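The next part holds the structures, each set out as structure tokens.
First chain A sits with chain B, and in the next complex the same chain sits with chain C.
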Partner chain A sequence: MLASLVATWSGVVAGALAPGIAQGGLDYLPQLLNYLANGLVFSAIIVLGGIGLSLVYSIADFANFAHGDTMTIGAYAGLVTLGAVGTAGPTLFALPLGFYAALLAGIAVAAVVAVATHYLIYEPLDTDSIGLLITSIGVAFVYRALIQIQFGTGYTVYDVPTLRPIPWIEDLTGVTLTEHEVAIVLVASVLVAALHVVLQYTTLGRTMRATADNEALAKVSGIRTERVITSMWVIGAGLAGAGGVFLGLYNQLSPRMGFNLLLVVFAAVILGGIGSVYGAMLGGVVIGMVNRLTPVLTDFGIPIEPAYANAIAFVIMVLVLLVRPTGIAGEGVS
Partner chain B sequence: MPDDHDENGADAVDDGDGSTRSAFEGGEDTSQERIETATNVVLAVAALGLLGGAMVGLISPAYLVFLVSLAGMYALLSLGLNVQWGYAGLINFSVAAFFGIGAYVPVLLSATGSPITDSVPPVAGVFVAVIVTVVLALAIGIPTLSLREDYLAIASLGLAEVVRLVFRNQENWTGGTSGVGGIPLFFDGVPVLDTLPRDIGTVDVGFYTLGFQFWNSLLNAAIVGAFVLGSFLVLRRMHRSPWGRVLRTIRSDEELAEALGKNTYAFRMQAFVLGSVVAMLAGVYYAYSNYYLTPDIFDPIYTFYAWIAVILGGSGSNRGALLGGVVIVAIVEGTRAIGDVAFSLDLVVTQLDVAFTLGASFRLLAIGLLIILVMRFRPQGVLPPRDELIWPGARGGEADE
Partner chain C sequence: MTDGNKGLRRRDVLKGTGAAGILATAGCVDLGGGGDSGPYQIGMVDSQTGSLSAFGERNQRGRELALSAVNDIGIGGRELSISVQDSQSQQQTGVSAAQQLVNQQEVPFLIGAVGSGVSLAIYQSVVQSTDVVQLSQNSTSPQLTDYPGLLRMSPTGRTQSTALADIITEDGGESVAITWINNDYGSGIKDAFVDAYDGEVVYNSSHDQGQSSYSNVVSQMANTDADSWLFITYQPEFTTMTQEAYSSGVNEQATWYGADSVQGSDVLANTPDGSLEGMKVVVPSAALDQDNYQSFASEFESEYDRSPTAWAAYSYDCVVTAAITIQAADEFTGSALGDVVRDVTRPEGEEVTSFEAASEILSDGGSATDVDYQGVSGPIDFDENGDPVAYLQILSVQDHEYESTGFVTGE
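Let's look at the complex of A and B:
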């Protein structure tokens, strides 16, 4: 079913673009490829954020508004680590090994903070999923406030050199893609593949799926759902932390970076089917692509500026909620 | 009053799934009277402290009036949200959109810096703003109000962001991010009131000379006061009317309301539109108490200010919403003071903008902690609604106690 939906989607894209290609001819192709490549990189970040949001929704059963700020925490943990480790030594994809240490630190710190938040704040609450949702807004503000007090409200960047696009790709296709961007997509793919293996082929994955499906039944079957929930926070927040570090590398860092991205991630997760991990991946790719393909509209004379890229994602989100609230992947795929 | 918690309607209606407790259900709460007394004492002490400060020359009367007006503004936001969340159980995260509309629509019709026109008097502009608010509330409400509650939260926040992006980017209509200047006084074009603050002239009172600025902010305070009083009375009346009873039934058991033949979608829509109009009035005050208006007014933080005010005050309680407004002002102005004091004493910060940022960060921290603490320790709020499902007189003698 997924395959057919993907096929439909690519059909829609091709259909929408066909007149444009006819108009602009082959001249427009490199430009379009550029948007797509850019979209792929952005998608990777959205997918990393979306998986955690979807996991929390399916296992802890609430819409976590602190998830965007969990990404911010990962990004700033990476910033501190990169400052401490330094950028000396060998490089991989033009990124110093220190950056990979920063990535690991971002994953670890985000995971630890999320687990601590779960035990200190969410766990003692005597409330329903709406109460948890409202509480998570408070948690989001506390995360962001602490980052602002420590680092200020301004923008900052990782201390890695900005790169020129990889020459041979540019010569061959006209696509400007830096080694950093390639690294983002590759590492994100590895993380997602690892998650797939964990979910499908390990005991942890089976217990997670069982808990998401029916927590009470999982419990009487002897699954320690407390541990499952802790693992869920580690995985979800860890991936968000990685997404935050990549977002910082792709754009720059600011205390609002995660909160600003949160609704786009929500749009992706809802499009894919909230609560479904694979839906979140698919939704993340679609929303990330749509977001970066927005300039195509102005290129073809439709007066919707790229500044409305997020607005388009939000409108898609509302339309999905209206027409098919279970999203593309529907129920039970997680 | 040993039976106090039994009279709390949320308890009486929603006994179904005892295991969880939502934000508007009261708990075992026999100490409610003590809490109310304590709240009154704290408020009285704070008011006396401020007045005393003004008497001895520490706090200027203009600032005092400003604080009261600001409390009124936040009270309007929370009164409006209270209709939606407190009465009808709608998780509306689009409050800031209506706050912004209330500010932008009259200003775009009356300010000299407006790209549209400056010929419509602000008082008339408010009526246009009501129409725009109703239209926008329908536009946001029609697709979202039938959604499940957590989807409604996400979708309404998303659509409010769309409104914010439109006001940021449509420079030809709104002036874009650089904003709109040249905002006239609210009573511009109205006889007597137009020139009243100037006509009074300057008056010397003790430590202070009260001039145009003071009289003008007093007039603005009167405007926001009238908005608050009017909204409070109308909402209290509606809450007790059959309409209010249906809404409370929908909130506690939507299927029951439908079984009784009520069109729950229509009732929720009415609550959404009514609450949005009240929140819009807060924006009117905001615009005309400033000289300049930027799209920052659409920042979702205003939505969450209203939320914390309603939850803290007690979901469904209009008195609570007023209290929430006062607490928000205490947080906003108190944290601003932290930055200012740190700056003036040369502690930690030595630059004014850093001090400003520090205040903003502490404000965010205080709001976040307050949300968490209220949800943890007092999810029903400080002043939960009394006499929920029945008219006070209906209980006979008990109401007089």
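Let's look at the complex of A and C:
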């Protein structure tokens, strides 16, 4: 079923884009599937980053430029934890239990740092959203500088072996996925599903949505908006921390890792409809996929190289915004 | 989008203010280095952070050793001091760092930068319109040759590209897939390689610096039938590609070759054992057989507990060349330094292998042409384009270690 769907879709792509692929048609399929699989893993990380950015925008009402570096903090907190806990013991998806402890630590530390930043810096500043935006740029530099002071400017990896592709998937479809990549997608899906449940079915979720809609109205209705804002930082930064740990697992850790990804995450959030959590998820998948699918262009003879993956993602973002100025899932502007 | 753009500009402003703030608080920087007393103040733009931070660390070690060698003797009774600014391995930041050094601190001699794109950007937007002498410590892009006013201590990559083409041909490589980093360094080395290589180039594509993943690049290379893969990129980017090639099971599909900047101990430490087996890399090399290199190396080892790289040697020679130039020049200005900087490295004069020896000749009334500084990195001999003589080493990865398999000299 899935295979036939993909085959149909790739047929459409082939037909629409170029006659050149017709002769190579089926041979190209595994390659395309590989790009899609890569895109899925990359999207999972962008989605984890995008949700927090979108939450901060809708509830605290500013574009948080420190969000990328919050991901970096999560990644390095994971590194320290993995170093302390060690890699002994049973494994799940070829990842030692210590890695899952590292993941939890990454989530916790990123959340604590974000909440502390909120109470120490953003809240006492009591400025407008542009002021907060600029402050967050400063906060981003401080985060990054602290990481550089502690861990140096070089790059490093988690102490878990780099894996070979899972043989049966490769034999069956030609797609090269490792167990780590499967784990990234699965855990990200679980986290996103959990967030969905929280937002839709709990009091916290309802109060969060109310605060996002109209903070003053929520406040007079008896919602403790201060508490909602704290929860928002915990959730947003926690997911960013998880995204950071996965980004580190995906390849390596460096002090600029989160900041380098930030613009792409912004593109995803804006494309999805700024302020909409579900839009951020959708935008993350679209931007991640577009980013990883760029080589298809050169494969079809269009001379746009993978180096321009981000530029293409941004062009698509602009095109979507021209048609739908509020983004894919954004609410109408009154 | 408008917001995003504004944000970035503001960020640059903040960066500038931040850098200025750091300088102000450091408090020990003598802004009036051009006066008649106090140390001679020169500037250096280095990659302390970013993709090329490994080079920045190597440079720092070379610079410190050179500075202490120079200041043990002194330049006519005065010390040399270097104001170092971080380029973050990025063009924009590098240019602001250079502006600060040249326009505010008014240094007449600027060592910088590591990345070829950064060096060129600094030259074109800051140095070209002044008489400041710019000497790049580590840039190897062939494009720098087109700017005679921009000197460099590391040899042009053109010789590196020719050497790579020869090695691939010797190894029986008939078709090659190239991925190169999308900047002056990458495109320069790539163009020179394509010119020099007689076989077929089946894949020739660029990638962007600092991305989180290069699986699309690796996947595309694996989809060609090239028997050789050539990587012209930086260490973090190359490490990501290696991990992704290994994770996709395609790393043994072709023989790997690399330009100088993909080689480093961080690459070995962060890639799986065996993933790079048999890879060959051509790197600029110091003059390993010279006495002054050997004493540099032993001093380096006792100070830093590790062997020096050619990159530290280049940085060392930049500082020493700057010091000799200052002593040889009539006055401490860009034009006076520019008049003699080439002469002190050229073969007309007496060969000297240390600042001390050069200083003696100059104190005895010798002029710039009486000195021929032989650096720890090689004979230097700046040509009319500002390029030094090249000396290259071929390294091959065996059991996840780099083994030297020979030397090549270039024009």
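Some points to look at:
One rule holds for everything that comes next: the second predicted complex is superposed on the first by the 302 of 334 C-alpha atoms of A that agree within 3 Å, B and C clash if a C-alpha of one lies under 4 Å from a C-alpha of the other, contacts with A are read in each partner's own complex, and residues count from 1 in each chain.
We adopt the following convention: a contact is a pair of C-beta atoms (placed from the backbone, for glycine too) under 8 Å apart; a residue touches a chain by one contact, two chains touch by 3 or more.
Since the model is a prediction, treat every value here as computed from it, not as a measurement.
Overlap between chain B and chain C is detected when the two structures are superposed via chain A.
Once the two complexes are laid over each other on the shared chain, residue contacts for A:D126 go to chain B alone; chain C is not touched.
In the superposed model, A:V139 makes contact with chain B only, not with chain C.
Set against each other, chain B and chain C differ in how many residues of chain A they touch, and the higher count belongs to C. Applying the stated contact rule after C-alpha superposition, one finds that A:Q148 touches each of chain B and chain C.
In the superposed pair of complexes, A:Q200 makes contact with neither chain B nor chain C. In the superposition on chain A, contact of A:R256 is made with chain C only, not with chain B. In the superposed model, A:P295 makes contact with chain C only, not with chain B.
When the two complexes are overlaid on their common chain A, residue A:P165 makes contact with chain C while staying clear of chain B. By the document's definition of touching, of the two partners only chain B reaches A:V315; chain C does not. Once the two complexes are overlaid on the shared chain, A:S221 sits clear of chain B and of chain C alike.
Note: residues 63, 133-134, 137-138, 141, 148, 153, 263, 266, 270, 305, 307-308, 310, 318, 321 of chain A belong to the chain B contact set and to the chain C contact set alike, using the contact criterion stated above. Contacts from chain C toward chain A in the complex involve residues 1, 3-4, 7, 10-11, 14-15, 18, 48-50, 53-54, 56-57, 182, 205-208, 210-217, 219-220, 223, 235-236, 239-240, 243-244, 246-250, 266, 269-272, 275.
Across the interface of their complex, chain A is touched by residues 20-23, 91, 143-144, 147-151, 153-155, 157-159, 161-162, 165-166, 168-169, 304, 307, 311, 354, 357-358, 360-365, 367-372, 375-376, 379 of chain B. Contacts from chain A toward chain B in the complex involve residues 62-63, 121, 124-131, 133-135, 137-146, 148-149, 152-153, 263, 266-267, 270, 305, 307-308, 310-311, 314-315, 317-318, 321-322, 325. The touching residues of chain A, counted against chain C in their complex, run 31, 34-35, 38, 42, 45, 63, 65, 133-134, 137-138, 141, 148, 153-157, 161-165, 170, 176, 178, 180-181, 247, 250-252, 254-257, 260-261, 263, 266, 270, 291-295, 298-299, 305-310, 318, 321.
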